[in-house]
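Residue numbering begins at 1 within each chain, and the chains themselves are lettered A, B, C and D in the order written.
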């Protein structure tokens, strides 16, 4: 069985290699190759999963060492995989949802001449993400981590001819690199502290070092997680990343990329458990992002950007849960999985809408689409219900648990976190309802574009709708399936551990409160967007709205401080390099030339002055000799 | 008379010669000043010779005279040819090459 | 006596240089092929040397030793340790690509008099440089090394000044002036460094009475050689200065952007990927080995300079408008990493630094050569003159991106391995230094991606329209390099196995042990 | 000094020494075989003069060239024979009644001078560079030196095909002086040798075919300043004679070292008077430093190098330096070693200003010959660093350097004769632009010489520089090495500038042409390049030679 693990990665990697190096010959078959290999990986995952189910809870983890990667004195980095329940969960999510997105893309990208390459990149994305989750050490994880960054760069910037896409891709990579810096420092810290960075030895040895070191490692890991999972303060790339084709957004938001941060924190649970200060920072980041994303999501008129804000917010939930420690790990992952279903569904739905609307993304120019694209409407609707936590659907189970766990944190912290989580749920209900209403309900608001093409909304082809239907199933049933009999808890507990907190309020109360805020959120949205016609041009809005439209001014901050500041810095450094560093040398040369020119004048051509120089020289020579003796 | 005085005289003559080289413009005069310096040397040789009581110095003086004569031959040849081309025997005029 | 493999490896390109130079003016193509064949044959020899090298064997292997200049205490002594053989192989590996990439760079623009043979000269000079560089990696005699260190400047100088990049802005005279300025700057910087080293070399002789590394090591071991602290420091500084100019280390770096900017791309590769490695190699080989105490004494300052190089080089790379100068500043940043790794004085750091030298050679070659192909097509070095190349020449853009990604040390490509080792090595000795150096990886991403974005993406510029994609010759240059980057990124073990023992020797020279992990130290 | 203490020479013979038996006058013993090199050269020079008188004009040139070459070659063979006979090492001794030392340095330097001169004479004999005038091949020398430039008589002389074949005997006389100069073992011989080699040089400077005014100016400057300096030298000799009572090196050294304990009380005031010694020593140094062209006695060098006919410049720059340094070495190592504490600091200073001054002023030169002149000044500084070492290594390193340097110099000036335009040699640097494009081979050769001057490894210049710097550092003059290194760096700048000009500048439309020389000049250049490279790559044999030769006899 162990040998199959490598196959998980090998299949999509092979796909990427073949598709990217294959050239135009493969143009016609490329998407099939890519999809098949992604599916193959999924099949391998399922086989491994079934095998795993057949074993006892404690010996389900599989190990496979492929080869010694960087053997240097005192430094052992192996290419070795570890497949335990946590990794397995991710493998299934990644390959499963990933395969669906592949299928969807066949239709979505049909008219793109570079479709082969797109599938190559998708396969690369899967491969990198799989490496990330099945690596058995942090350095190999780092490989996957950066690989994901690369793949996202390539995919976000897939339409490179659009400057905005290229910029967004670059931004995503750069912001991620800041996070990567954190991860690499964390690995270095682990190396100097533990002498290794393999999961097993590091996580077992946490007790042998001081809390300070662990806090430092934890914070660095958090920085890494913030980068990949678009948490405050490294969230700015996520919105721009919508420049990529919609399947890419689905992939990034649901199955890969943003989930990596959650994985990292949950995987490193042992470190965080021993470093409460780091944990506190994690929950704060999670809570802040949760609200941040939700607020941004409320203000966006771009359907994909609204969904992006929602992702940020949902990942905030997961990070929050992960920061709570053993109480929350399982629920963080569970929410991650359910979120994977409904968010993928939502994005694919959004893509389907755009597909039918000439790639229009402004929701104010949609309206009443439920009649034109029923399948999309239903699947999107189910996803919507799932995300707002409609009772019985996936989101309900997973989010509810997180809110409970937040309260269970205890003390003032618990109250604050719990309230934030509740508030987030209300806002989620609001902005998702807004999206739903603006897109599918009300009057049609679309107009001919600049060239006079009137959109003709239509349902998408089968290749696109089928994945959406599958995902909708997941959105509806996954949560329930996981929660009944604590299936998911039991499955993951051997890896992550679990503890039950003592909530100051009962679970029922929390559920009830959640329901209340949900209704409030939906109601407000209905009042604002459902009751009256929506203006096609966005009103100016309040100060908060305007700020939220600009991602709460974070980009402006970045622009002023980092971009402008950086430009000034580099420009002045270029100047310094030219005038100062180089100038010193050129100046020396020039002054030498000047000295030469002056000394040269002594050679005035008059024999008598030469004689004077000789005579003087002799005099000095004599005087010096005598003086030497006198001294 | 104390022979040391001849040394002083020799030094004086040498200095006068050197000063002449530095001051005078006419190449012939400059050259004569050099000859004066050589003769000052001769005087010194002879004086030392007497003080040491050996003949070396006096013999050297003869050599010096011969050398000086040879120098005159060469020197005058050069100076004359320069004079003929430039119609001037001033050493300051010969300053085409400088810097 | 066994076959003098090392001498042969160095002699072959030298013979090739003479042979190439002797080809008649009209037979330009013959000269090119001749040069290529010789460089490939050298590669074969270097490969044999690499194969014969036993990682677990003696420190210096394949040694040769002959009397040379007895009066100066100089012997013709050759021998390679893991570091030397790796760099030797790198040099032998890169030269065929350099030659192939520069295939048309020295074609005469118009038919001049029959005696003017630029093409022959160009390839002969490249081979000459190869011979000298290879020999300098093999020399185990300080004097022999010094001679080569200096002598290689001359062919390099003619390569830079005589064969400029034809893509330039402004008038021809202006370009010629800039070119000769760059060449002179290159030569003067390095010559000054070399002359200061000469003073130290002489001082070393006065102190040690020999130039042979093995004899010096022996004398040091049996106590017959002991340097006064002050003397050792002065000598160290003399050596280090020369190597720091060559490497180049901030603030002695300003010759590199000029030289790389004005030279043709293959020559720029020769400078940064091959010749400059001699500087960092020599730090490891000579500074640490000859002056261990002084090396430790100077470490803090050098580390700071290396960190400045890393950050400063990267920031300046961001601010460049010229593609080749950008790559040059990136190289300065990378040399900062190498020097950081060397002077961190940990196994990881030094292994990393050695690997870095090899990997940087390959990655810069890939990036710079593709950049050269790009520049040749458009005739401009300015970033602003490009845009949307990806659309018209996707393979060119793709290979350029891979070169760029290697430059920013993406995992999976070779430079990552070395950069991470350097970072870990530096961090375990000097945590602050490790952290500051880590910012380099963000800045690297910035300058690479900005470069890629501005040249390759966006709407297609009119001048770029119709640009041809890479041709077979160019692909033959780029693809093997990329393959190598991938291979060494995934499986660097063959290289680390060769390098590790050499690093351990160096570590014991400076009597340094790796800092123990905290957990083990506590036990 | 009391009156009785002063003896008349006449009374001395009969008075003081009357008790002792009258010494018999011994006939001087002259070791003719050991002086053979000098004698051959002088003898042939005299024959050369006779040739001028008796051989028909048409045959003179060939006869003179033949005689000169044969003389120099034979003299060199004699030197080799002497060296093989062990006169450089085991049989080294003082010959010719104490006038001449036959030892290692003497033979080495004589060999160097003879070879350099031989090679340089080829450029004297070169007659293919200038276009033929009235059907006659012409060389670098005036048709008739006595005729006024531009006058009718000059034109007539040119038309008649006159040539100044006197240059060959002059060279031989000069060479003879140079051969004696480093061998001189007493101050008188030193002085006479100096004059013997200088006077012909003054004349040689004056006989250029082109740019005659400059040539004459060079001669007059050289002559006046040379005479001035030899006056200093002579006065210094007088003072030393006064100090020691003898002009023999050995005798003076004995007094300096205090080996002479019995000092006639009557002479106590002069003999052993340190002021006389120090002043005299300094003045002799002046004379010698003038010849080697050390700052501040260097100012004649650029003007004379520029004005003199280029073959003469090459010969003078190489051979004079060898001879003068030889004499300087002997003086400092044999006569004044006991005074090392006094002269070393002074020489330090001289060496430093010479190295730096030469290098710095050279930066802004625009004439290739002046540039090389300043370069020679800087090199004099480097050699002085070796001189100052005061170790056996110092001697041999200086010997080696001189050998290496002289061939580079002769070669470099030979190349200068090739680059010509309508006005003769095109020595202005701007005219050298693009030479590398037009005549790659000539430019490459000149570049080799320049690199050797700059001391780039694998050339003889580097070996030499390394040798003297090593000796200096070993001899405790590390500071000089550092200054030397710095000035090498400065010097590199202007050598490189010339290379840049030749190779990287576009040729000018009205640029000079490179004349195709006869095998004579080609030989000169080829030998120069060969020696430069051989001494750069495999100097060991010559270093051995130099270190074997590096012992002075006393």
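One rule holds in what follows: a contact is a pair of C-beta atoms (placed from the backbone, for glycine too) under 8 Å apart; a residue touches a chain by one contact, two chains touch by 3 or more.
Remember, it's a predicted structure, so these values are computed and weren't measured experimentally.
Asks: Mind listing the chains that sit against chain B and also against chain D?
Replies: Chains in contact with chain B as well as chain D: A.
Asks: Can you tell me which chain is nearest the middle of the complex, judged by mean CA position?
Replies: The most central chain here turns out to be C.
Asks: Comparing the two chain pairs, does A-B have more C-beta contacts than A-C, or is it the other way round?
Replies: A-C
Asks: Express in whole angstrom the distance between the two chain centres, defined as the mean CA positions of chain A and chain C.
Replies: 37
Asks: So, what's the distance in Å between the C-alpha centres of chain C and chain B?
Replies: Those two chain centres are 65 Å apart.
Asks: Using mean CA coordinates as chain centres, what's the gap between chain A and chain B in Å?
Replies: Between these chains, centre-to-centre, one finds 96 Å.
Asks: Between chain A and chain D, tell me the centre distance in angstrom, where each centre is the average of that chain's C-alpha atoms.
Replies: Chain centres of chain A and chain D, defined by C-alpha means, are spaced 80 Å apart.
Asks: Considering chain D alone, which of its residues make contact with at least two other chains?
Replies: As it turns out, chain D has residues touching two or more other chains at 220-221, 224, 228, 232, 302-303, 493.
Asks: Could you pull out the residues of chain C that touch at least 2 other chains?
Replies: 188
Asks: Two or more other chains in contact with one residue: find those residues in chain B.
Replies: 18, 21, 30, 91, 94-98 - these are the residues of chain B that touch more than one other chain.
Asks: If you go through all the chains, which pairs of them touch?
Replies: A-B, A-C, A-D, B-D, C-D
Asks: Would you pull the chain D residues touching chain C in the complex into a rising list?
Replies: 396, 437-441, 451, 454, 456-458, 462-463, 466-467, 469-470, 473-474, 478, 481-482, 485-486, 488-489, 492-493, 496-497, 499-500, 503-506, 538-540, 543-544, 547
Asks: Which residues of chain B touch chain D in the complex?
Replies: Residue positions touching the partner: 2-4, 7, 10, 14, 17-18, 21, 27, 30-31, 34, 37-38, 40-41, 44-45, 47-57, 59-60, 63-64, 67, 70-71, 74-75, 77-79, 81-82, 84-86, 91, 94-98.
Asks: Please output the residues of chain D touching chain A within their complex, sorted ascending.
Replies: Touching chain A: residues 220-221, 224-225, 228-229, 232, 274-275, 278-279, 281-283, 285-286, 289-290, 295-297, 299-300, 302-303, 341-343, 345-346, 349-350, 357, 360-365, 490, 493 of chain D.
Asks: Which part of chain C faces chain D closely enough to touch in the complex?
Replies: Touch residues, chain C against chain D: 67-72, 112-113, 115-117, 146-148, 150-151, 153-154, 157-158, 161-162, 173, 176, 179-180, 183-184, 187-188, 191-192, 195-196, 198-199, 202-203, 205-206.
Asks: What part of chain A is in contact with chain B in the complex they form?
Replies: 600-601, 603-608, 611-612, 615
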